[in-house]
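Shared between the two complexes below is chain A, which has chain B as its partner in the first and chain C in the second.
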Partner chain A sequence: MFHLNKDRAAGIVLGTSFLITMALALFILAFLLAESLPVLREEGLSFITGQVWYVAGDIYGALPMIYGTLAVTLLALIIALPLGIGSAVITSEILTGRTRHIVKSLMEMLAAIPGVVYGLIGIALLTTSVRDLFGLMDGNTIFTAGLLLGIMILPTIMTLSDDAMRSLPGELRAQGRVLGLSHGQTIRRVVLPGSIKGITGAVLLGVSRAMGETISVMLVIGSLDRLPTPIYNVFTSGQSITSKLGREGAEGLGLGLQWSALAGLGLMLFISVMALTFTGNIIRGGVRPKKSKNHEVTG
Partner chain B sequence: MILKRVYTFVTGFLLVTLLVMVPGGTAAAKRASIRVTGSTTVLPVAARAARSFMAAHPDVRITVNPGGSGMGVKSTGRGLADIGMVSREITDKERALFKDVDFNVMVFARDAVACVVSSEVYEGGVKRLTREEIKGIYSGTIKNWKEVGGPDRDIFVIDKEAHRGTRHVFMEYVFGEKTPAARGADLVSGANNEEQTKVSQSNSAIGMLSIAWINKDVRGMAIAENGKTIMPTKDNIINGSYPISRDLTFITNGPPQGVVKDFLDYIMSVQGRKIIKDSGYVPLK
Partner chain C sequence: MSELFRLTKTSLYFGNTPVIHEANLTIKNGGITCIIGPSGAGKSTLLRSLNRMNDLIADFHHKGTIMYNNRDIYDKGLRLEGLRREVGLVFQKPCLFPGSIHDNVIFGIRHIREKKKEGFKVIAERTLKAVGLWDEVHNRLDSPAIGLSEGQAQRLAIARALAVGPKTLLLDEPTSSLDHRSARAIETLVKELGRTMTIVIVTHKLEQAKALADDVVFICEGKICEAGEAANIFSHPENIETRCYIEGSPPLDPTLPYPE
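On to the complex of A and B.
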């Protein structure tokens, strides 16, 4: 009955879903742009440089939120980068067989835990621990949010970096050893430089998850729309773009300048996260599993 | 690669199915439904009333969602909720946003907003504050509890989201305006249970809460005014002496009709008044 070739049918289905996905992304971008026009017209540059967000007076300055997003993302990176790559080295280069498999699956499972669960643990344990550990008045701080995000993106960075290192042909390692390099030296001089593209991609994807994470940040950051004094004091309450959207989105509800300002925040976030994810995927694009070659050497 | 393709396929498939199914799905719902949203102060009353109302009327489905008074007003104005829970007056700005909406306000109870502190502060000797002292704390000029007769500890000032009913009422008393900026704030909270948690987690916090949410960790301050000390109690709401009190309201777009009216009538009935009392508020006479 059907003379449609299977490949062609699959092509049509995949093509359609690709188009739908692209259309959705474009629609979201266009929507955010259109909705944020009023606030951009009203506030101009001070939408980005302004420090006061005062709904009753229709004043919308997003600088504290922009700062908060950058600060928590940077903190998360400082925490997750060394730990993530370090543990990826262990799972990829040191552990073997069953142990490796167990550790790796565990990490992949951690990466799938929803943000709200981390947030609840954050509220229950992290805020009070941070307060007591650093002798603070309260534990709902920019630092706490950064720490929580660091823990959250750690599994992502770790498993993707592990993939990147595993995808290096085994013969490279063998050559390293033939040249008289120790195991440690092989990792430093051969494995890490060889998989740097994949690792960078992993980190960028981790960062974009950190930037977009909402609920867990909202639960521990303190939600204060103010730049800290001095500016590097992350042990005070702050606000990120996502936590602001989480707090005010439902209330803004498609009306007036407040809604436009929230859409403007969303636009900034959307563009940054898209750019990071895109770059991350392009850089990672060079990484392809080459398991067959691994077998040639080890087998 | 294959996984990725499968994933894309599944996503596409689900999206298409969703688009096809949504219009058909709604036709199946036969039960009358009431959407209630807004103030977390009003929420316990609405939730309890909804439960017993639904038990008596199995054909009615009521969903009650928190979000704050601001959300109650806007959801009702936009037609996203049938009943808005609002623990303050509707502001001029909100009325201007919804010029075409005829808000119908049903007052069902009286409540008071207390200035609350962590129990450690209360036991440390701060049991009453004047309006000027609270104003000083929220504007950042009073920074240590010892300045108001308490322990030598920095004050941890908890503010609330600007659209919250509790904040409007509290700030109107303290600053003389509903939505002032509180420069002394160290933290901003949202719903009542969040505020309650943050105050009780701290040993030096000050905040604002409906009196129904006061407990042994979160203590209500007496207000010192004209040489008198007035406790935030139900009795003082009833006799009108406590200065920070308010109406709790349900709002609708135009006069309530049908099941919405039945539900609101139920809240004003004898059973409803008992629910209001049990929730910690004072039902209207």
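On to the complex of A and C.
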């Protein structure tokens, strides 16, 4: 009678899953590469440096979209980084017991809300608020998209940073306190440096989410394929790679060079997000929450 | 000698469980006081209460008073960080920070302005010499502390505590995880330090207590059974539990008559 060893069976299932995942990722990469080859051949480097995207003239310059993506991501980071790490410090180092659990659960819930819901809130509240606050004609701006993305990635950065801080052994905190450091000094000098890897990983994963977010950005960015003047003026409409793909993806399917240009945008986004996610996960390494007797600091 | 710590009807609790029950105790200024007793007696909890380190555990609370230098350590005006700088504590297992040996020694003083004036390198050298580690590490102060042996790591932990400049040093079973040779090195160091400062050490090794202690506190099941001069307690223990513990026999039923 044939008895399949359980470990071996599990190994085969896991190995097959891994191979399928890798094959899928490679297939997507190969597909995007193959589809974008025509535009790369036609436009060359100007596909990246060109500022004009004119479908009727078959001119495809992606710089406004690349700029838009980088700008909204940077703005999101400026907003979410201090708030996310600050909130993580509060949940990990200050709140205890049930309060901590409730706040952490709420943040995890916020992280799970679909982008389109954030987008609707963005349209309803953010665009009008930004317009009125800064006296603009139109509230659909790069700034609005960055602000919305910042709110969206805040829970991700917060919960993963919280995990990183919680994974630090309680003995290290106790050691800081016993040497006469205050609670605040222990956070600054023991907790934050000790969990910097996990926090960096959390930020990179947050950034990759920001770069890949489509619907909410599309709803509030204004969708204008143009670099702002001056270049740092984020209070103007713009376009990100994702919002461009969201708007033109379906209609551009099979339309020669336009489709190829969209695939090229997809390729750039795919490589960037994959690299960020991969680096984020590598840096985070084995960061997992641990419980420690000395962790619940109150004194 | 004057008294340094005075505990009056001090009970220490984790949640509703009393770990130390209505302790009355005086610890003298200067010399070495050993807290001995069987496992789970509450020795470490008592030690950690002397610089309020138990307060870091969420469900800890206390009753009664703990006086240090004639001042209640729970006095609202008392700065907790100041107390912990004066009353240092070294844990059972050396817990080193990521970073170099030098970084570890000066970890507790980097934010203290007066120490900066004196110079961190000077303080590091002085404290590493005091714990007998200087000759072994002086040419690799910038190497990661994580590479040190367990015995060296424990001496580094003591050096780090000394760098802060405490007047009293609490040691919580500092040799329990060390091999015989490293343990002897720490014992010699503790004896040396005991000449210039107050040392309160928890140990479950009777031989160590005999070798080090000027005074002994014997704890059993959360109660202070006996406290006093080491020579007296080791030669003529008055309490039956103390006597059984010192003689190595299991504790007797207290209802039975005292063995002759």
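One rule holds in what follows: the second predicted complex is superposed on the first by the 284 of 299 C-alpha atoms of A that agree within 3 Å, B and C clash if a C-alpha of one lies under 4 Å from a C-alpha of the other, contacts with A are read in each partner's own complex, and residues count from 1 in each chain.
Simple rule for what comes next: contacts are C-beta pairs under 8 Å (C-beta built on N, C-alpha and C of every residue); 3 or more make two chains touch, one makes a residue touch a chain.
Fair warning: this is a prediction, and the values are worked out from it, not measured in the lab.
Chemist: Look at the residues of chain A and decide whether chain B or chain C touches more of them.
Modeler: Tallying touched residues of chain A, the top partner is B.
Chemist: Given the touch rule stated above, what does A:V190 touch, chain B (first), chain C (second), both, or neither?
Modeler: second
Chemist: Mind working out whether A:Q175 is in touch with chain B, chain C, both or neither, as first, second, both or neither?
Modeler: So A:Q175 only meets chain C here.
Chemist: Check the residue A:Y54 against both partner chains and state whether it touches chain B (first), chain C (second), both, or neither.
Modeler: The answer is first: A:Y54 touches chain B but not chain C.
Chemist: Pick one for A:T96: touches chain B only (first), chain C only (second), both, or neither.
Modeler: Only chain C is touched by A:T96; chain B is not.
Chemist: Name the contact category of A:A250: first (chain B only), second (chain C only), both, or neither.
Modeler: The answer is first: A:A250 touches chain B but not chain C.
Chemist: I'd like to know which partner A:N281 touches here: chain B for first, chain C for second, both or neither.
Modeler: neither
Chemist: So, does A:T128 touch the first partner chain B, the second partner chain C, both, or neither?
Modeler: In the superposition, A:T128 contacts chain B only.
Chemist: Under the contact definition given at the top, report the residues of chain A touching chain B in one complex and chain C in the other.
Modeler: In the superposed arrangement, which is not itself an observed complex, chain A uses no residue for both chain B and chain C.
Chemist: Name, in rising order, each residue of chain B that touches chain A in their complex.
Modeler: Residues 5, 8-9, 11-13, 15-16, 67-68, 70-71, 74-75, 77-78, 80, 93, 97, 154, 156, 159, 161-163, 178-179, 181, 185-190, 197-198, 201-202, 204-205.
Chemist: How about chain A: which of its residues touch chain C in the complex?
Modeler: 96-97, 169, 171-182, 185, 189-190, 193-194, 293-294, 296-299
Chemist: Mind pulling up the chain C residues that touch chain A in the complex?
Modeler: So the residues of chain C in touch with chain A come to 51-53, 55-58, 80-82, 84-85, 88-89, 91, 93, 95, 97-98, 107-108, 110-111, 160-161, 164.
Chemist: For the complex, which residues does chain A have touching chain B?
Modeler: 13-14, 16-18, 20-21, 52, 54-56, 123, 127-128, 137-140, 222-226, 236-237, 247-248, 250-251, 253-256
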